[in-house]
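Two complexes, one shared chain (chain A), two partners (chain B, chain C).
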Partner chain A sequence: MKLRHCVPACLLLLIPAMAQQARLRLDLPAVAARASEVSDVTLDGAALRLGMAFVNHDSDVSPQERDMLSRLQGIYVKSYEFDHGASVTDADLEPIRAQLRGPGWTRMVRVQQRDRGRGDETDEVYLCTDASGNIQGMAVLSRQANELDVVNIIGRIEPSELAALGGHLGIPKLDLKDKEKGK
Partner chain B sequence: MTIDRELENELRAALRRQPPPRDLTPGVLAAVCRPGPRPRRWVAVLAAACVLLAVVAGMAQWREQAARRQEAAARADARQLVFALRLTAADLGRVQRHLH
Partner chain C sequence: MTRAIRLLALTALLAGMTWAAPTQSFNAVVARAGAALGAKPAHPHLLGFATFFMRTIHPHMAGGLRLALFEPPHAVDLDALATQVLDPGWSRMVREDRRDGERTLIYVRAEGGAFRMLILTRDAGDGQVVLLTLRVRPDQLVEEADRDRRG
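Up next, the complex of A and B:
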């Protein structure tokens, strides 16, 4: 009898714990010090709901897309832009990569381009899943010649649902189902 | 001297003590005991209505300003959300292009 009550309680406790796990610390003070411009988006809780209400109202988002947006729990973005000469090294990204090596996180995609003139450009997509394989969050690490974007999305967002946003708000159609690669 | 005397006589005549008229006391008492003008009730009602109106108008204005502030905050949040989604989309789109 007691066990029957304990199991749902434990599950309820696990949900915020998983959300906590999917949340990354995106601050890179050393990178910010070299950046010419830093854009910071921190949207969760009531602010995210308010923002989504306006997005849903202003654009032609379908009910399915609305449903997906309603499951978003948080969006966090750090975008650094650099003047010519400044660049980002692997050592700069290590604080974030260290978090992405933690439990639950899996790298889905890593694209690296070597350009002698502009340096390495890498794009990485990570998914955070719980023990049942449900997606809890997502991270995008994009390092370009003069720009570094770090995105952390919290919520049960399937890649196929993200693809469904294609055509709205500038979201491209994605097909990441069969593109998973090992860490 | 004659003029002074005449003036004096006139003064005496003018200042001579005279008994009050018989109806003076009842008249004075009646005037004292007569109830004063009733307070104008409509003035109080009007003042209360004005105060109530001012309070209602103030509250309405406050609520409108609060709604405007909330709307401005929501619009700012929406802009941030769209910015975040577009930036994510651009990064994911680049990944998709590379994969294809």
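Up next, the complex of A and C:
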């Protein structure tokens, strides 16, 4: 077989590998053991088509948002809710952070809000890109006093489009205004 | 010519297989769940009336609403039950766990222009297992939601 035939084949083989890299393992057994409620939302295959069908028929969703949603291959959300007094530590998040330190992942945004009444709230957005800089996926860690949400989105989505997804398809609403950027 | 006939035969066979591939019916799921749980399904009183009521009030929301209730003699691993009972056409969409032991699994599968949802719940107190399926047409549901929003 000639080399020029091998290159596209190798590139095709790389596509699922990149998608796999963008897919995170969201399980946090130690956190789940302390949580009062754990929700696990998986939107891929038929479930994603169902979610998309709702979005496609929703007149409030703009054509740009529909286009963005059509580029998604999967949305995975894990939510942990805690009783008053219980909380999440940095050590608890280490299994996920370790994956986010892997190749291709970059932290884009970190927002920390201090609320004396409800405790600190931290939102972080990570992007996964391939060697050419194309976005393969995204991760969101949203930590509040009594709740932790971990979101993993697979597909081509720009960070600016993330706000439109908030509140849809199991993704929490994120307030990324007044953001502090940095890694 | 032989190749064309072979291709035609293969196409017909594949088309036949697709046509024959049944979507897993509620009764089939209930029968398998009953065998796995060692319990007979109970059908709640007035479910027929409730379904009729739902159909009248929300005609698009209760399509194919079916429900069965099991009181298994032993503790149930709901994930294992789902794996045992559901065919691979079902995609798991939601899994919710509460500390008190209540667990809910929601599955979905595409059926033509509609979707079928299957909800499997294990109650925290008495370990009852509830199995519910309903057909969802997103276009009609959204239309109805829009109508409600407009008042």
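Convention: the second predicted complex is superposed on the first by the 146 of 183 C-alpha atoms of A that agree within 3 Å, B and C clash if a C-alpha of one lies under 4 Å from a C-alpha of the other, contacts with A are read in each partner's own complex, and residues count from 1 in each chain.
In the analysis below, a residue touches a chain if its C-beta (ideal position, glycine included) is under 8 Å from a C-beta of that chain, and two chains touch if they have at least 3 such contacts.
Keep in mind it's a predicted model, so treat the numbers as computed, not measured.
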> Who does A:50 touch here: chain B (first), chain C (second), both, or neither?
Replying inline: both
>> Which chain, chain B or chain C, ends up touching more residues of chain A in the combined arrangement?
In response: B
> After superposition on the shared chain, which partner residues are touched by A:142: those of chain B (first), chain C (second), both, or neither?
Replying inline: first
> Now for A:39: first (chain B), second (chain C), both, or neither, which partner does it touch?
Replying inline: both
> For A:84, is the partner it touches chain B (first), chain C (second), both, or none of the two (neither)?
Replying inline: neither
> Given the touch rule stated above, what does A:114 touch, chain B (first), chain C (second), both, or neither?
Replying inline: neither
> Which positions of chain A sit in both the chain B and the chain C interface?
Replying inline: 39, 41, 43, 47, 50, 53-54, 58, 170
>> Looking at the complex, which residues from chain B come into contact with chain A?
In response: 70, 73-75, 77-96, 98-99
>> So in the complex, the part of chain C that touches chain A is made up of which residues?
In response: 89-99, 108-110, 115, 136, 138-139, 141-143, 146
> Which bits of chain A are touching chain B when the two form their complex?
Replying inline: 39, 41, 43, 47-48, 50-55, 58, 75-77, 79, 109, 111, 113, 123, 125, 140, 142, 149, 151, 153, 162, 165, 169-172, 174-176, 179
>> With touch defined as at the start, can you tell me which chain A residues reach chain C in the complex?
In response: 32, 35-47, 49-50, 53-54, 56-59, 170
